[in-house]
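Quick one: structure below, then a few questions.
All chains are identified by letter, namely A, B, C and D, in their written order; residue positions are counted from 1 within each chain.
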Amino acid sequence: MISFRSDYSQGAHPKVLEALLATNAEHTDGYGIDRHCERAADLVRDLIGVPDAHVHMTVGGTPCNVTFIAACLRPYESVIAARTGHAYFHETGAVEATGHRIVTVDGEDGKLTPALIDRAMEEYQDEHTPSPRLVYISQPTELGTVYSKAEMTALSEKCRKLGLILYVDGARLGAALTCRENDLPIRDLARLCDAFYIGGTKNGALFGEALVILRDELDDHFRWMIKRQCGLLAKGRLIGVQFEALLEGGENSLYYKIAARENVTAEILRSGLAGLGVKFYGNSPTNQVFPILPAPVVRELEKEFFFYEWAPERDGMIPVRLVAGWGTTAEEAEAFVSAVGQLI
Amino acid sequence: MISFRSDYSQGAHPKVLEALLATNAEHTDGYGIDRHCERAADLVRDLIGVPDAHVHMTVGGTPCNVTFIAACLRPYESVIAARTGHAYFHETGAVEATGHRIVTVDGEDGKLTPALIDRAMEEYQDEHTPSPRLVYISQPTELGTVYSKAEMTALSEKCRKLGLILYVDGARLGAALTCRENDLPIRDLARLCDAFYIGGTKNGALFGEALVILRDELDDHFRWMIKRQCGLLAKGRLIGVQFEALLEGGENSLYYKIAARENVTAEILRSGLAGLGVKFYGNSPTNQVFPILPAPVVRELEKEFFFYEWAPERDGMIPVRLVAGWGTTAEEAEAFVSAVGQLI
Amino acid sequence: MISFRSDYSQGAHPKVLEALLATNAEHTDGYGIDRHCERAADLVRDLIGVPDAHVHMTVGGTPCNVTFIAACLRPYESVIAARTGHAYFHETGAVEATGHRIVTVDGEDGKLTPALIDRAMEEYQDEHTPSPRLVYISQPTELGTVYSKAEMTALSEKCRKLGLILYVDGARLGAALTCRENDLPIRDLARLCDAFYIGGTKNGALFGEALVILRDELDDHFRWMIKRQCGLLAKGRLIGVQFEALLEGGENSLYYKIAARENVTAEILRSGLAGLGVKFYGNSPTNQVFPILPAPVVRELEKEFFFYEWAPERDGMIPVRLVAGWGTTAEEAEAFVSAVGQLI
Amino acid sequence: MISFRSDYSQGAHPKVLEALLATNAEHTDGYGIDRHCERAADLVRDLIGVPDAHVHMTVGGTPCNVTFIAACLRPYESVIAARTGHAYFHETGAVEATGHRIVTVDGEDGKLTPALIDRAMEEYQDEHTPSPRLVYISQPTELGTVYSKAEMTALSEKCRKLGLILYVDGARLGAALTCRENDLPIRDLARLCDAFYIGGTKNGALFGEALVILRDELDDHFRWMIKRQCGLLAKGRLIGVQFEALLEGGENSLYYKIAARENVTAEILRSGLAGLGVKFYGNSPTNQVFPILPAPVVRELEKEFFFYEWAPERDGMIPVRLVAGWGTTAEEAEAFVSAVGQLI
């Protein structure tokens, strides 16, 4: 059984594991105050070229999103997000659990635009409506698409004009940074948004995401917020150790290499299937591929491959999701293409 | 520098790490639905002798406490806890963040009693007061003391009579189960309370606590609650893998062995210091030792040893906390006793 | 200046005021435990023909909606509502403030349908999504339209089949019950939904809404919930006194008379304007009228009349809202029609 | 049956009712944006001598307390209050419902002191504890006692030094301002605290409390907060109208006269009972009197008088609470004293 189920279906990249082993016997203080977290934060600051950025090692994507949102917003404020956005669609109302509405807009290809933000703002003007304060997007989006530098710049300018915080969920940031279409390096991203995170879980770590806060006032008492939101790991250094292993070397780091390889493997799937005449759901250039396949083909493939059906069957066709993780091999991708070739 | 700072200052016990390494390349489904979590849950059920207990692998103690409390209580309900209890004292109001009051009572040696519960209940009778619904204790307590079987039975009977849920925080449960004074094996604990957790973080794991829910109605949609409270780990199997390694063998398992050793090491500290005439803060028989030392001695010790000052200096004396972790050695404990002997 | 601004722009109907005066010197217990609230609840139970209905006198519509929703839902559960629904659109996120998402659907004429509920349910199936539990509608809707008996029956059946609570916001319930198109008497409404409220504020009271809960389990500790949500009025009897005055006589009561008169006055506006060829925004048969008027006409009218512009100008036309309250007279309505006649 | 049950057991003072009648037919905008609320706010500003104070008309004490607290605090911040304080003791956890802990201290006579604040602060220093941010007191306290100018000045200085917000619940502020012992006029109170409210409900209004916010930054988007906390009354002007009637004339206003009379009536009870050798529970000089009476006397009195037993029977004696409201007469007070005289 070959798995394209997700990029978090295996453990950690071997070099990440090695780092955990090498530091295992050390005694350090708990809760993320230790030299490994310090060093990992320095690597992040070097990578993005912002020497005074605030960096926090967080346990996972949902706690990272929710803690940052809860920390920034006053009680009557709300979040603007695409209806397909992860924080809206796949986090069981964890944002609302902190008392804040997510105002949804219907973005094309999973993306927000300045026009969509304007429209959301129009509806929320007086004391009878919650006041939008933060724009949540992800790079890449939930559909694997990537904001261009022009698109991100436009969003950034709109947000700054309206006094909105621009927050970028980077669960799969590596896949965006290293895909062929990308023209938005991490330093530009850091310049254009107010906070973002560098996702570890889906890029070779056991777990952990490095949250980067780019405005001092948004960082106030942030460790209190992490603890209150249940996200302060006792052995916090584990996240630091992993990001040290991932980020050493900047754009030549393991982090970039893992992501680039995931994209290359995904490209084997994408171009191979396209060569067979397969159509795709959306337009992802990253490590997620969404072919639309005939239902009987899907049923047959499920005997040998493990993947998600992404949307319900329509007209006999099913969109499925294939994800390339750090351990997915070119051979596995080729095997899938070949299997489809035999079935179509 | 020798550390008695905490039982979470090192990584994982080598055998736990080995298990993580051995399973690293496997593909599994995410979020705790996998064969390792299944197997770990079975080991828990075997250990406690409750074949239909509900078991959830949770990331840490605070998320475990908060998720369970938030899941059980209706909005107007509250928690009764000792003012020294961890969920009140050291979790940054994470319980209140879910909308529930913790009603504090002043327990002796960190313990609750039926009489203290009665007193708390008296004050909360009508619709103008939040209604107590859950009693939070820990075994051992925050001060390292241990409830006897008689004490736990009395609490249990009181709670059942009053319709209160009895929840036991087991962050250091191993240390309680394996200390000399203990007369409350885990099967009795499971019989007497409604839910508890078996702490991994402070007993040799990288992280992770196994929550055990003993009443079906308290488990309803619990995975939804974990996700909403930001505690559902993507690579959830990591917790399962660790508890497999820890719990295989039941009362002869690595979990019990690590804990027993921690207690033995602590006993070296305790008896050694007592032999020097040192007095203790509270009456802990577990892996935490609280000697009260002259301030100048403390200052001197801090040059070579790493530990917490537990309470402010009074009359020239400072209570400090020494904790034995999975990696703390008898030699290290003896070195500390010897250093004190030379300084006193 | 003649006001069609709202049905809450004046004080109370004179007979309601009389009742407050007549009982002013009485001493009663506070917080809604008194003979007036008792009597008002009995009048409600008689009116709806449900002798064991639970009735609570609440301060206003928003506290009533929010308290009921917060009382019914477990933390991970959500509400389904039309995007135009009052609880979503005009209550500043007060529902989300209690930790629950409102999932919005785009209903025609402000209404929900079984098909829209089905679609919302499809998206929310596993532990990564909040679980819909309550359907919020209002009768009449925010756009003044009215659910027919057939429509309400279909919603009711859908909700019961799916285990959803059907809650009806009755801020202007009188206007629905007494409008010509209505075929859904209050007894049928009470039979088809799980809870609803009889709005006082917009139907002749100073303030106050009578919440009716039709399932015992949804009423559990409800007074605790009212207090916790800040809605327990010290002089709670004031609401009881007003509803005694409003509801004495059942379907011949002052409540029905006020509402019927509001509708008649609105009909003067509606038929008068229609006679002038004016088109309307939506299809309200109740005490709210939404004519679409040329912008210059609106500007001119605003010199003598007080009303809301309901939506932005488009193609030179502006939809406005005219509301007939308990004190709005036929002469005032005729004056408006006449003014439009002169301007068009 | 003569009632000393509470100062909210009758309706409104006749002059307040008159004002409601006189303005009943007026049309105004809703939600507290109208000339009556404006005028009432001006009267408050004149009375306290702070021309730029922010004044909000709120529905009741609990919504006022909770909205202000929720508006001021960041999520990880907490409130310091006496364990007897109303917001802790009698509001069903409404503050915690907004996610904030109330840290309780045991004050003498219901009062906080700088030393108690210091002690509370000591415990809350790092990211593992919620951070105190607001000190909640009431004037008079829940036990009827009154802070002197010296005491309030000391609290104020302590709070300013520590960066804490000092908030004064004035549910019975009139009774404090007009009692013989008082040396803290309202202008001094306004100078020493950061926010307080002038209670209407217990001082002759049907309902309503005028919240005064004395620092601009604490008022930011406050109307959004009122709505979100369900406290924005549709016919908001009703509160304005009542406070116009109450506050016209400043220190010679109806508000002061009602309060002074309540105190005088209470003094008849107090001195009369003291003359009979009765002892008191606490030391209230305001409109609440707490005599400690033999249980059989209490049982006998309860046949003719309506009042609360304040604490459980001890050694055959029961502390009861007698409250003088706006309508309580000297004759009623004398009748009670005389009845006790005959029974003792």
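Heads up, the rule we're going with is that a residue touches a chain if its C-beta (ideal position, glycine included) is under 8 Å from a C-beta of that chain, and two chains touch if they have at least 3 such contacts.
All values derive from a computational prediction rather than experimental measurement.
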{"item": "Partner chains shared by chain C and chain D (touch criterion as defined above)", "value": "A, B"}
{"item": "Contact-richer chain pair (by C-beta pairs counted) among B-C and A-B", "value": "A-B"}
{"item": "Chain whose mean Cα position lies farthest from chain D", "value": "A"}
{"item": "Computed distance of Cα centres, chain D from chain B, in Å", "value": "43"}
{"item": "Centre-to-centre distance between chain C and chain B (centres being mean Cα positions), rounded to whole Å", "value": "51"}
{"item": "Distance from the mean Cα position of chain B to that of chain A, given in whole angstrom", "value": "34"}
{"item": "Numbers and ranges of chain B residues touching at least 2 other chains", "value": "75-76, 91-93, 97-99, 127-128, 130, 224, 227-228, 232"}
{"item": "Chain C partner contacts - residues on chain B that touch it in the complex", "value": "31, 70-71, 74-76, 98-99, 127-128, 130-131, 220-221, 223-228, 232"}
{"item": "Chain D residues touching chain C - in the complex, by the definition given at the top", "value": "1, 3, 5-6, 8-12, 14, 17, 20-21, 23-30, 59-63, 66-67, 91-94, 97-98, 201-202, 206-207, 224, 227-235, 238, 306, 327"}
{"item": "Residues of chain C defined as touching chain A within the complex", "value": "75-76, 78, 89-93, 96-102, 104, 127-130"}
